[in-house]
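The data blocks that follow each hold one structure.
The same subunit A turns up in both complexes below, where it pairs with subunit B and then with subunit C.
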Partner chain A sequence: MTAVDTVRSQLAAIAVGKRRRWLAPYALSGPAVVFVSLFLMLPLLMMLRLSFYRYDAAQMYIEAFTLDNYVRFIKDDFYRQVLWTTLWISAVTTLLCLIGGVAVAYFMARTKSPLLKRYLIIAIVLPLFMGNVARTAGWIIILDDKGLLNFLLQNVYEGSALRLLYTSGAVIAGLTSVLLPFMIVTLNSVMHNIDVSLEEASLNLGASHLTTFRRVVLPLLKPGIFAGCILCFILSMNAYATPILLGGPKFNMMAPMIYQQISAAMNWPFGSALAFVLISLTALLTVVSAVMFDRTAKRTGIA
Partner chain B sequence: MTTVARKLGSLRWLYLGLVWAVILFVLVPLATTIWVAFFSNKILSFPPEGYTASWFEQAWTLEAFRNGFLLSFEVAVGASILAVCLGVPAALAIARYQFQGRELINTVLMSPLMIPAIVAGTAIYLFYVEVQLESDVQFAATTYGLTLAHTLIAIPWVLRLLVASLAGIDSSIEEASLSLGASRLTTFFRITVPLIRPGITAGVLFGFIASFGDLEKSLLLVGPGRITLPIVMINYLEYRTDPTIMAVATIQVLVIAIALIVSDRYVRLGRTF
Partner chain C sequence: MSYRINRRGFLAGGAGAVALMSGMRGARAAGGQVIVANWGGDWNDRTIQFFEAPIVEKAGYTVVRDLDGFDQRRTKIIASRRLPRAPMDVAHMDDATAFELASMELVDPVDEQAVPRLKDVLQSLRTPTFVPWQYSAWILGYNPKKLKEAPRSFGELWDPKYKGVVGLSNEHWFHHIESAALKIGKSLDNIDVEAVKASMMEWKKAASPRIYPNHLQIEQALKNEEIVVAPEYKARILQFASEGVDVAATYPSEGGIAIIFGMVLPKKRPDPEAANFYCNALLDPAGLTSLVQKSFYSPANTKSVLPEAAAKQIEFSEAETKSIHKRNHAFWLKNRNELLDWWNKEFKA
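And then the complex of A and B:
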C-alpha cells in the first residue's frame, strides 16, 4: 500500500466517521421525537380533522368537511358565555397573581436572611407539585357553608353565614392560590439578575422607595412579568379541577366543557372543535402578547 | 438606608402585610387539608371535636382509594422509567451536538408541557379509540395506554433536568476517554452515565411527581375499576367533603413531598427554579 493509499483510506474513514457523527444527534433524539409525534402530534392532527366532521347520533360522526361545529360555537349564546367567563376569570386571576407575585418575589430577592429566603423558596416551590385536587380540597373546607371562614365569621365576629363556595369569587381565589407559585418562581428567576446597587443609586439620588420601585425595578422586571402573566393566563384558561370543585355544577369554563362534550354528550366533532378553539386562543394570545412585548421592549430599550 | 426605610413608614407595613398574606394564601389551603384529615368529626364541621388518625386507615380500606393509589403509583413508575430511556439519549443530542433542527426537536420534546393538558388528553383518547377501531388493540382504559400517555408528561421534565445536568459536565472528560481508545458506548456507560446520575435520578423523580399528580391528561383515559388517584379524589369531592378524602389528599401530598425531598439531594430545588 502506498502512502497515498493510506492517506486516502484514512480520509475515507474520517469521512465515514463524520457522516456517522452527523447522524448521531438524530439517531439519539429519534426515539423520543417519534414517541412524542406519535402520541401527541398525530392525535392533535387527527382531532383537528375530527372537528370538521359532522355529528351523527347513531354513528357518532360522519366524515365531512364542514365548519358547522365552529359556527355553532360562535353563534350559540351559551358557549359564547362559557368562553367569556373563561376569559374574564383568567384575566382577573392573572392580575391578582401579578400583584401578589411581584410583592413576594421582590421580598424574597431583597431579604437579608439567607435562611428565610431558602425556606420561602421551598414553601413556594413545594405546592407547585402537590396536584390541584389536594390543594383545591383545602379551599372547599375553607369556603364551605359549614367551613372555616363561615365558622370564624359566625363565632368570632357574630356575622351571618355567607355563601362562598360555588361562586366565581371562589374560583378566582382557588385559581390564584394554585397559580401564584408559577408567577413567583418565574419572577424570582429574573429578580435574581437585578443588581441591588441600581436601587441604591436611585435611593441615594433622592428618589423615594415607591419611585425607585416604579422607575427602576419594574422596568427591569418586565421580561419576568410578561412570562409569568402568559403562564398564569394559559394555565387558568385551561383549568379543570378548580372550576369543577369551587364553581359547582352551574359554573362553566372551557376545559370542563370539553370533557363534558367528549365523555357525556358524546359529540366528538363539537368537543374537538371546542378543544381547538381553546388551544388556538391560547396560542394566539401568547403570540400577540409576545409581539406587543417585543415592540415595547424595543421602544423602551430593554431586552 | 435606614432613614430611607423609615421614610417609607406605613407603606412598608402595607408591603410586608401583602407579602405574608400572599404566602399564607398559597400555604393555608394545603395546611387546612392536612389539619382536617385528623379531625374526629364524622362530617366536615368546625370546631374539631377531637383528633384521630383513624381516617387514614379508613381511606386505605376503601377499595377505590387503595386501587387508585396503587394504579397511580404503578403508572408513575412505569412512565418515569420509560421517559428516562427516551429522554437520556435525546438530552445527550441536545446538550452535546450542534445540528440542524436542534431547536425544533427541543420544542417538540418540550411541547407536552406547553400544550394544554385537557386538549392533549382529549386528543390522545380520540387517537386511542381510532387505533382500536382500526386494529382491535385496546389502549383506552388500559394501564399501558395510561402509562404511555403519562410518559409524555414525564419527558419534558427528564429532558430539562438532564440537559441542565449535562451542561454542567466538562465534555473534555468524555473526549479523553474516546481518545484513549474507548468506544462511544463504553464512554457513555463508564463516563457519562456515572457523571449525570444525579440528573437521571432527579429526572425519574420529577417524572414520577408530574405523573402521580396528573389529572387532566388522564381524565378520558381511565376506565371502570382502573381510575388514577387524582380522578378518584375529584369524583369523590364533587359529592362529599369529609375527613376521609382529606386523609387521602394528605397521603398524596406526603408521597410527593418525599419524592421532592429526595430529589432536593440531587438537584437543589431552590436553584433549579
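And then the complex of A and C:
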C-alpha cells in the first residue's frame, strides 16, 4: 500500500466518522435511557395501574379500573389537610434554606482565607456523610421536653418548659438542617462564577452594599437559587424520617402517610393513589416554576 | 529456576482450577444453603449466636441473611407470588402477618414429621402454617416510684386520675383498640366496633393519653417521667427495666394480648428441606433458654426450661398463661383499613 492509499483510507474513515457522529449522543445516552425506563418508569407505570385497582381486605386488591382511590383523597378533608401540611412545610423549609443558603454561600465565595473556605466546605459537606435519621436524632435530644433547649430555658432563664418536640416547628427546624447543605452546595458553585469586579464596579458607581447585592449579585445568582429551591422543595415534599421522628404521631405528611397505607393498612391501591398525587403535584409545581423562571430569565437576560 | 507459563500449562492449570472450584461447590451443596429473612440488630445477632452458628451452620448449611422490617418481608412474599421461586426459604414473622400470608395462601403448612420439635411447642400458640418461637403478651408497665399502687386493669386507665400520664405507642394502635374491646366485652372474639370507638373517645376525653411514635419513645417518656403508665409487651417492659428505666410489669385483670414471633415457610421456597432443618434448629430447647434470657420473651418450646429466677421474671404464671387472649386476626384483616383511618382521624386528632 502506498502512502497515498493510506492517506485516502484515513480520510474515508474520518468521513464515515463524521457521518456517524450524530449517532453518538443516542448511543452514549442509550444505556441510561434503558436503565431509567426499566427501573423507574416501568415500576411507576405499574404503580399507576395499581392506583386504579379496588381495595379488598382479603385479597389486598382486585384488578379493576376505578377512580375510587382518587375520589376518596379529594373528598376526604383529612387527606387534603395532609397534602396542605406537606405543601406549606416544604415551602417554609425551602424559604429558610434559601435565606440561610444565600448568606453562607456568599460568605464562602467572598472570604479571602483559603483555610476558612476549606473549613466551611468540610463543615457543610460533612453532615451529608451522616444519615438523615442520625441528624434528626440529634434534634430530638435538643427539642425533647427534658432536652437541651428546655433545660436552658428552665435553668438559665427560669422559664417554664415548652412543648418543642412533636410540633410543626420541630419538623421545619429538622428539615431545614437536613436540606441546608444541598442549598449551600448548589448556590456556592454559581456564586463562585460571579466575578467580584462586577460588585466592585457597582460599589464604585455609588451603590450601597445592599443595592449591589439586590441589583447585581441576586439576579446573577438566580439560576442557582432556582436549582437549589427545586432540590430542597422536592426533598422536603418527599421527606419521611424527619416528619416521623420530629413531628410525632399526630403530625401527618404525605410520605409517612403513603408508607402507612402500604405497610400498616395494606391498602396498596390507595397508597399508590396518594403516591401519584404527591408525584404529580411535585412535578407540576417544578414544571410551572421552571417555565416561570425561564420567562423571567429571558426578560432580564440572565439565562 | 525460571518458570514460564506456556499454552499447555495454562490450559492444564485452568482446567484444574475449574475442577477444584466445581468440587468445592459440590462439597458446599452437601449442606446446602438456607435463605433466611429476618429482622436486623439484636434480634438477628441473637439468632446467629444461639441457633444459626452453633446448629445450622455447624451442620454444613450456609445461612444467607436477608435483613429488613417485617413489612418489607411481607411485601417481598406478596410481590413474588407470580414468580417461579420465592425469594427466601424461611421468613421470621409475627403471628398476625403469618395469618395474613396464610389467608392469601402464600405460605405452606408446616410438616410436623419434618420439624419434629414442633410437637413440643405450646399448643395454644400453634397454627398449621406457623412455627412459634418466642412469645409475650401486651400488658401494663408503670413507674413504681411514682405510683403507690399498680394499675389493675386496662379499664382502669380510663380513670381521670391517670389524665395525661398514660403513654400509648402509635405503632401499636391496634392493641389499644383491643384493650378497649377487652374492657367492654372481656373478649377479642366478638369486637363491637362502634362500642369500642365510643369507649376510646370516652378515654380520650377522660384521661387524654399521650401518643408516642413507638417503643423507643415510650421508653424515653417513661425515663423522663413524662408518663408513668404505658401499655406494652411484657418483654419490652423487662428490657426497659434492664436498661435502667424505673418501670415494673403488672398483669391486667382482663388478661394480656398475645404476641407470638416465629417462622413461616413461603410457597415455592428454593430449598424446603433446608427450611425444615432451620425451623427445627430454632426450636432447640437449650438455645431458646439462652435466647429468652436476653430477649425477655417466653420460649414457645415447652422443653425449654429457664433458671428459677429468670422464669419468675420472664414467664407468665399458669393463671396468666390461661388468660392471655389470642388476637382475632380475621377481624383485623377485615376491619384494619377502616379502624386505622378512624385512629388517625378521630382518636389521634
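Points to keep in mind about this one:
By definition in this document, the second predicted complex is superposed on the first by the 263 of 303 C-alpha atoms of A that agree within 3 Å, B and C clash if a C-alpha of one lies under 4 Å from a C-alpha of the other, contacts with A are read in each partner's own complex, and residues count from 1 in each chain.
The working rule: contacts are C-beta pairs under 8 Å (C-beta built on N, C-alpha and C of every residue); 3 or more make two chains touch, one makes a residue touch a chain.
Keep in mind that this is a model prediction, so the values were computed, not measured.
Partners subunit B and subunit C clash in the overlay (superposition on subunit A).
In the superposition on chain A, A:Leu162 makes contact with neither subunit B nor subunit C. Of the two partner chains placed by the overlay, neither subunit B nor subunit C lies in contact with A:Val288. With both complexes placed on chain A, subunit A has more residues touched by B than by the other of subunit B and subunit C.
Using the contact criterion defined above for the overlaid structures, shared-chain residue A:Met47 touches subunit B, although it does not reach subunit C. In the overlay built on the shared chain, the residue A:Ser263 is in contact with subunit B and with subunit C. In the superposed model, A:Leu245 makes contact with both subunit B and subunit C. By the touch criterion defined above, A:Lys146 lies against subunit B and subunit C together after alignment on the C-alpha atoms of chain A.
After overlaying the two complexes on the shared chain, residue contacts for A:Ala58 are found with subunit C alone; subunit B is out of touch. When the shared chain is aligned, no partner comes close enough to touch A:Ile74: not subunit B, not subunit C. Residue contacts after overlaying the shared chain place A:Thr136 against subunit B, while subunit C stays out of touching range. Common to the subunit B and subunit C interfaces on subunit A are residues 144, 146, 244-245, 262-263. Residues 71, 75, 78, 100, 103-104, 170, 211-213, 220, 224, 226, 333-337, 340-341, 344-345, 348-349 of subunit C touch subunit A in their complex. Looking at the complex, you find that subunit A touches subunit C at residues 55, 57-60, 78, 144-146, 244-245, 248-250, 252, 260, 262-267. Against subunit A, in their complex, subunit B makes its touches with residues 1, 4-5, 7-8, 11-12, 15-16, 18-19, 21-23, 25-33, 36, 44-47, 86-87, 89-90, 92-94, 96-97, 99, 101-102, 105, 108-109, 111-112, 115-120, 122-127, 130, 148-149, 151-152, 155, 159, 209-210, 212-216, 219-220, 230, 233-234, 237-238, 241, 245-246, 249-250, 252-253, 256-257, 260, 269-270, 273.
Residues 22, 24-26, 28-29, 31-33, 35-37, 39-44, 46-47, 50, 99-101, 103-104, 107, 118, 120-142, 144, 146-148, 151, 174, 176-177, 180-181, 185, 188-189, 200, 203, 208-210, 234, 237-238, 240-241, 244-245, 255, 258-259, 262-263, 268, 271-272, 275-276, 278-279, 282 of subunit A touch subunit B in their complex.
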